[in-house]
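In the two assemblies presented below, chain A is common to both, partnered first by chain B and then by chain C.
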Partner chain A sequence: MTIDWIAFIAEGIRMATPLVFAALAALICNRAGMFNMGVEGMILCSALGAVIFAHYGGSVWIGLLGGIIIGLATGMFIAFASLTGKADLYLTCIAFNLMATGGTVFVMYLLTGEKSTTSGAFRSYQIPVVDIPIIKDIPVLGRIISGQSLITYIAAAAVFFMWFFLKRTRIGLRIRAVGENPKAAESVGISVNKIGYISFAICGVLAGLSGAFMSMSWVTFFMKNMVNGRGYIGLSAQNMAKGEPVGSALASLLFGFTDALATTLQNQTNFPVEFLEMLPYLATIFAIIITSIIAINKRRRIEQGAAK
Partner chain B sequence: MKKFLSVALVAAMSLSLVACGGSSSGETEAAAETEAAAAAEEGGEAAAETEAEAEADAEKPRIAYVVGNLGDKSFSDSGEAGMNVLREEGYDVYTVETGDASKADKYEDYILDVLDQGYDYIVASSTYMEIMARLAEEYPDAKFIGFDENWSDDQLPDNMTCIFYAQNEGSYLVGMLAAAMSETGVVGVDVGVENPVINDFVTGYINGVMDWNAANGTDVKVVKAACGSWTDPATMKSLVLDQVRNNNADVFYQVAGGSGDGLFEACVEQGKWAIGVDSDQYASYIDSENPEKADVILTSMLKEVGNSFISLFHSIEEGDDSMWGHTIRLGLAEDSVGYVDNEFFQTNVPEEVRTAIEEAKTKIASGELEVKSYYDFADDNEFNEYVQNAG
Partner chain C sequence: MNKTQKIESMMEVVRILAGLVIAYAIALAILFAISEDPIYIVQQFILGPFSSPRRIGTVINLAIPFTICGLSMCFMYAVNKFNLVGEGIFMLSACMVTWVSLLLGPGLPSVVMLPIMFIVAILTGIVVSFIPAIMDRKFNANVVVVSLMLNSVIQSLATWILRYQVRDSSISYLGSREIPESIQLPKILGSFRVQSGLIVAIICVIVVAILFYKTAFGWKMRLVGANPRFATAVGLSSISISFIAQLAGGAFAGIAGATEMMCNYTRFQWTVTTQHGFDGLLVAVLAKKNPVLVPIGALFLAYIRIGADVVNTSGDIPTEFVTVIQGIIILLVAAESFLSGTKNKLIFKAAEKEEKEKEAKAA
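What follows is the complex of A and B.
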């Protein structure tokens, strides 16, 4: 048994990419006080949008833009229903996810006559892989950091921007204010609805990037249900990190690596498949337990400190 | 505004149901029929007309074909192709799409619906076997045909039959091919979800590789993996890339439905050989927008679901009723499984290999050579051991 561990790490990062976007997408809404379960459906719609735009536009960049536009549009749709229409956010998101499952197949059927995949009917486009000059020649690091999809680098940048946006910008501060206490924020003249729309717009763009990665980088076609719960995993990743961008990205990486580990172990060992499929979710539960223990301890220390 | 939204939401919900459900034309037809029947009860000329129609229909039985979703380019579509041939012959065939497993609670309703509409034959895959067996007792006049399942005769009611395809025989042949074409000495078999039928594919494939080894003194290993879903090409692609990287495998057999597209893509990226399944997947890609995917598909293991329907209904029409209460086993001898022998296959596979496969095919068809089947194993452990010993 010879496992190429360097390639394994690179693969883990690749597998984590859509999760990082999903986590950030859920995070921005969460920070604005909205638990957006619709991320899963938004990613699915964007994945289809990306291949449609790429096929008809004849370019991978139009596809990428299309994925982002569809992500944005679906984000606006949920925002409109819940903010302007005052519909219950959870119900809207559940309805939206169900609609996305059927709606994507419906649209695909209208355009291609296929009900399962666009792999035959639409030309495949792949977002280019980037070889970073100098870094790619560094022995181990080069193989991990260089040679990833362009979107993976965007994901890394997005984590930093999200952190900067929330901590260092005026609008980021307002989003956090609305999330923590909407009534107080409103009393100082912040429009809660406007902030909500802005959060959903950012969420949509991120979900769009996640979808585009699924259908134009990881594989190069759309297939029904191809997101397979990755949106939900992103959602729990940001939950675990309590809405911190860097922590969410790390949690997403953890899931990406357990996924990659399940893949490698399946091929290299005789572990039962069912056990390996369980791994990412088992990791979720453990991670949530550990993070909540840390949080409880922290609170206890503060309480003890106050008692003194 | 709220009203508008609630309407929009309802529309959204109903969209999610669009993916499943019967083909719209079929539904309208059915509705029209029910209306006609209602009118008939009220008497008048309409009644005479409906009766006349019913008599015309009586010559050919009415068949309801219950599938998850069409468009899989393999299993369900092959069945539908067979049903189309029957339609041309004058059978009244109604295809019902029930949707994926998340709609499983509706399966029974769909079948009850077509039964109430008076369809004489219900044709449905292994997924619906339990439901059909239950309904077969409630509806003794209807006939139920399950396919792709292996039930013993005592499990089957008298008005039910079960078509079983010897996928192990077809897989045996592509297993030989994989072993012969491998340069690295490792071949892969990647499945969607493990179940008895899928394990039967794997068993036959491994058997083919092992027999090729025995006959040619090679030591080709088999690595097997499951991606856990029929619609997760992303995970499948990663599995295959891992098998290329860490196991050094170079020929891959996909038994994974939609996820298999991820396998083809990995093979294109890595320049490895792929073997398709159920229908001729080379043909489905060569004229598509992405013909390069066809260039890695050496051949496809065929499972002629459609043909089996045609021959079954022909023998029913001829008055044969020996199938009821029994499982029909269709293999190489009945031409119900096999492999694609196209120009691409002939160009890329050396002649001696092709001859060897052809010889094995004849031997299996004549019964001279028996292929190991998953159903021969006492339990899953024995099967797992078999797979492990091949790796």
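What follows is the complex of A and C.
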């Protein structure tokens, strides 16, 4: 068995892209004090939206825009149900994910007559791959850093924008204030609902980018249930990093590599596929356990310190 | 019960009914918009499920797993833990029942086999739901995320068992060997062809209702769900109560999967989870966590599902639109603001009236 390690690392980064966006999307809501499981369904809807817009608009950019618009719209839908409608956020998200799973198949069937994939009926569009001059000629690094999809570079930029946004801007500060203590924030005149809507809007854009990557870069069509838990994995990634953008991105990268490992082993060994398919989800569960133990130990140490 | 409470519980019923009516109207509107022969299709959607004894039987058959899964989710929902692992347990329990029954072989009589099968199902449920429950208890890990991840793991695990342990290589599709006749449950009620799982479902409803409303544990559980801080303040350990409730919920999801397997199939052939866990959540939400109302919610869900199936076969409408309707129902029932204005107005009016009566008496 020989594994092309450079290709493996490049693949890991590619697989991590939708997870990074999913993590950032969940992160912004989490910082505003809302546990948004709906990211999963939002990505799924955006993935379909991107394909539809690209097909009817005849351009990959219209598709990308379409993905973002659908992400935004679904974000507003969840925000409306939970903030204005005052429905329990967990229930809202579970209901929304259910609707997204069935609704995407329904819409796909109405438009194409197919129930599993749009690959036959819709023209496929791919977001261009970027070759960075100079870097692409560096032996190992070139194959990893250069030649990724445009969205992958946007993801890397988004991580730093998110860090800057939360730490250095007025609105970022308000979002964090609402997340830490909504009553205190309200008392100094911040509208908690407005901040909630703003967070969901940003979350929607990020989920839209994630969806567009899924259906226009990972593959070039939409298929039923294609997100397959990536939204939840992103959610756990940011949960592990306690809502820190850079940490969340690193955790997403780890899960991306697990995903790439599963695909690589699937192609090169005859290990049962079923166990390889479990890898990303098992990795998530173990990661949750490990980070929780660390957090608990840390708290215990602080408590002991205080007792002395 | 004072007047405000009366109005509140009445409005709860009105809200659920209004939610159902609105969602149903949306379903009809969708059908009207997309079908070429809307009147026929809508008629089929509404009346189709009642058009023959066989179809009525199908509605009841579908309501059986929905009821048991709904009961399972009642436990989770009662303690406010959205542990969605029932989805995976349903599949794994059916798979384990198949595996164990094939290992034991056809020699044993039903009297011995059936209890063993239910014990296998219950154990599967408890063992699987133990994982997110213990992680919630020990590490404060998010139950929703862990249970969803676990569902994906279970799906692969069950598929592996199917492919490498119980597969029948003599048939052209991926399916297990036939389960022994001793555990294939018969159909009852003549031409309605209802599964004998109906009896299991009825027993489960009675057991859960007694557990919820007639035992100390049920009372504790409902208290923990309604007001965890109060529960802790009066000396209940809300963590261990919600932990046990989740295990109990898992056990019922296991029973649901086993019942479905033994009543409806002769071979295990699922390679993806069946959505029954999520359907159970809808039923529990509709029933407002009250096990006695669970069968009604389950029957309603089964009715619109069969309606969608009828429409799917007689017209060109994909059944998936029902999931959208299902989501809308959950949202409307869960949204506290929905019709809250009307409720407040009614409470206000009642209070005003009472005040006036008092004044009249005083005068």
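Throughout what follows, the second predicted complex is superposed on the first by the 307 of 308 C-alpha atoms of A that agree within 3 Å, B and C clash if a C-alpha of one lies under 4 Å from a C-alpha of the other, contacts with A are read in each partner's own complex, and residues count from 1 in each chain.
The definition used in the following text is that contacts are C-beta pairs under 8 Å (C-beta built on N, C-alpha and C of every residue); 3 or more make two chains touch, one makes a residue touch a chain.
Please read all numbers here as calculations on a predicted model, not as lab measurements.
Visitor: Looking at the overlay, what does A:296 touch: chain B (first), chain C (second), both, or neither?
Guide: In the superposed model, A:296 contacts chain C only, not chain B.
Visitor: Just chain B (first), just chain C (second), both, or neither: which does A:132 touch?
Guide: A:132: touches no partner chain.
Visitor: So, does A:270 touch the first partner chain B, the second partner chain C, both, or neither?
Guide: first
Visitor: Which partner does A:171 contact after superposing on A: first (chain B), second (chain C), both, neither?
Guide: neither
Visitor: When the two structures are overlaid on chain A, which partner does A:218 contact: first (chain B), second (chain C), both, or neither?
Guide: In the superposition, A:218 touches chain B alone.
Visitor: Quick one: classify A:122 as touching chain B (first), chain C (second), both or neither.
Guide: The first partner, chain B, only.
Visitor: Touch check for A:6: first (chain B), second (chain C), both, or neither?
Guide: After superposing on A, A:6 lies clear of both chain B and chain C.
Visitor: Which partner does A:235 contact after superposing on A: first (chain B), second (chain C), both, neither?
Guide: second
Visitor: Considering only touches as defined above, state whether A:281 meets chain B (first), chain C (second), both or neither.
Guide: A:281: touches chain C, not chain B.
Visitor: Of chain B and chain C, which one contacts the greater number of residues in chain A?
Guide: B
Visitor: Let me check the overlay on chain A: which residues of chain A are in contact with chain B and also with chain C?
Guide: 81, 84-87, 91-92, 95-96, 98-99, 101-103, 105-106, 109, 115, 228, 277
Visitor: Enumerate the contact residues on chain A facing chain B in the complex.
Guide: Within the complex, chain A contacts chain B at residues 1-4, 7, 11, 14-15, 55, 81, 84-87, 91-92, 95-96, 98-103, 105-106, 109, 114-117, 119-124, 214, 218-221, 223-226, 228, 259-260, 263-264, 266-268, 270, 273, 277.
Visitor: Write out the stretch or stretches of chain A touching chain C in their complex.
Guide: Per the touch definition, chain A meets chain C at residues 35, 37, 81, 84-88, 90-92, 94-96, 98-99, 101-103, 105-106, 109-110, 115, 228-229, 232-233, 235-236, 239, 272, 274-275, 277-278, 281-282, 284-285, 288-289, 292-293, 296.
Visitor: Can you list the chain B residues touching chain A in their complex?
Guide: Touch residues, chain B against chain A: 1-2, 4-6, 8-9, 12-13, 15-20, 69-73, 100, 102, 194, 223, 225-226, 228-229, 231-235, 237-239, 241-243, 245-247, 258, 261-262, 264-265, 284-285, 288-290, 293, 384, 388.
Visitor: So in the complex, which bits of chain C are touching chain A?
Guide: Listed in rising order, the residues are 34, 82, 84, 131, 135, 139-142, 144-146, 148-150, 152-153, 156-157, 159-160, 163-164, 278, 281, 285, 318, 320-324, 326-328, 330-331, 334-338, 340.
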